[in-house]
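So that you can tell them apart, the chains are marked A, B, C and D in the order they are listed, and the count of residues begins at 1 in each.
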Amino acid sequence: MSLKMTQDQLAEFLVAEFPQVAGDFAIEDVGENRIRVRLVTEERHLRPGGTVSGPTMFALADVSVYLAILAMIGPRALAVTTNCSIDFMRKPAAGADLIAECRLLKLGRVLAVGEVLLFSQGVEAPVARASLTYSIPPG
Amino acid sequence: MSLKMTQDQLAEFLVAEFPQVAGDFAIEDVGENRIRVRLVTEERHLRPGGTVSGPTMFALADVSVYLAILAMIGPRALAVTTNCSIDFMRKPAAGADLIAECRLLKLGRVLAVGEVLLFSQGVEAPVARASLTYSIPPG
Amino acid sequence: MSLKMTQDQLAEFLVAEFPQVAGDFAIEDVGENRIRVRLVTEERHLRPGGTVSGPTMFALADVSVYLAILAMIGPRALAVTTNCSIDFMRKPAAGADLIAECRLLKLGRVLAVGEVLLFSQGVEAPVARASLTYSIPPG
Amino acid sequence: MSLKMTQDQLAEFLVAEFPQVAGDFAIEDVGENRIRVRLVTEERHLRPGGTVSGPTMFALADVSVYLAILAMIGPRALAVTTNCSIDFMRKPAAGADLIAECRLLKLGRVLAVGEVLLFSQGVEAPVARASLTYSIPPG
């Protein structure tokens, strides 16, 4: 195995290409076809009651698959999400950080598929699951 | 037909219950099992290049189905999204507003299903489609 | 508009390439980016109670998008389904034929997206909705 | 942990309630919130080239989640699929059996969510992934 980008390079890429959102996400671990990303929760991510909003969970799942792909193929800002299916299964715990555990199931020449489980830190049952397809532009 | 909430009542409900995001969305038209909602685009919704971000498109589709359901059943803040499938088909036009055309396909006792097409204003081909399921708490 | 394949050509193609299932489906109407296909119901498509099974509904939605694409691009047996999201919303009417109304939302160089509503004949409310993505091999 | 139905009881239930398809599926292992099911491949499941068809893969994923739920809650024929999202990632190996590895992610009072990976026997990379939601009728 050889990753094309390290954890630090991924973080720098995010800051350079997506400055609006880079601060929302902390890469915790990256490996072959997998990554763990933490949401750095801010007030704007929350709904009444203090739980993380649906769009924020979508964003966390989406960025996780994106970074997992980049770690494998190198920096290509133009990879784009073509499909996402997401199941919201439990209310996130108020005040707990949200963690994405992502795994790439396919990394083809033109399409990649990743799946993600989202957890409230310290709670075993996942709050959401998502699967995403990315279209990869010709290198 | 009789809607349980008018366009104005829906807008007031959004402000009261979801003050963080209410300003992002303008209800343009509401009818039996359908609604049209416009994204009030702000800098924070955009990606480099000036196009609307994926999480923002998700949020617009999600709120549209939510409001279409509330218009039919009355104010119940506790209706929750259980599933969303979204296809991102074209890059939104830079600088153009995003419009959601939503239709409820099912409004059952415990589950509702809505579908949404998202358009860049003035462009015929949709930028995204989404289908969402909501779980409706006992009245 | 000019379709690359007529209704008869599509039916012949189905018989030639997919002889196991061609008899299950009758093309009722085809146009630019749309098609209507009827399930020719057989005992093996049914569940106890006489309603059409889930896998049969999936098959009807899948073949409808496939044929809608072929009508636009010509015969390419190698187009393959990469994703399907399907919502089963109502029990099909026992003894009624099942009709698929399909529309292509995107027909790109490498990906096509279609959406389908399935109806029990004579019933207004749809029994299911589906959205499918096809990968199109280089011509 | 205590399963409400054993592997044998699940198999008998399938024969009694779904005689048309029971012979297609062999339960290989069942545990708390998980099951492994094998497709007993017949000519009618195949496409030209000898690979398993999309509707057959859907059927295998669907029955796997259904049986995993029944093992946990006991025999309730009326549990129904409300949503399925499936990604077809690789062509199944011709002549190889298809295996479903299913896990329940949520088993609530009214909704259950399961995820499934489908493998061609002897091949490490999955051919498909699916997530399904079931609606559980009041007991």
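In this text, contacts are C-beta pairs under 8 Å (C-beta built on N, C-alpha and C of every residue); 3 or more make two chains touch, one makes a residue touch a chain.
Keep in mind it's a predicted model, so treat the numbers as computed, not measured.
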| item | value |
| --- | --- |
| Relative to chain A, chain with the most remote C-alpha centre | C |
| Pair exhibiting more inter-chain C-beta contacts, C-D or B-D | C-D |
| Separation of mean Cα positions, chain D and chain A [Å, integer] | 28 |
| Chain B and chain D, separation of their C-alpha mean positions in angstrom | 34 |
| Whole-Å separation of chain centres (CA-atom averages), chain C against chain D | 23 |
| Set of chain D residues in contact with two or more other chains | 82-83, 85, 87, 89, 133 |
| List of chain B residues in touch with chain C within their complex | 85, 87, 89-90, 105-106, 108, 113, 115, 117, 125-126, 129, 131, 133 |
| Partner chain C, residues of chain A touching it in the complex | 82-83, 85, 110-111, 133, 135 |
| Partner chain B, residues of chain A touching it in the complex | 17-18, 20-21, 43-44, 46-48, 53-56, 58-59, 62, 80-89, 91 |
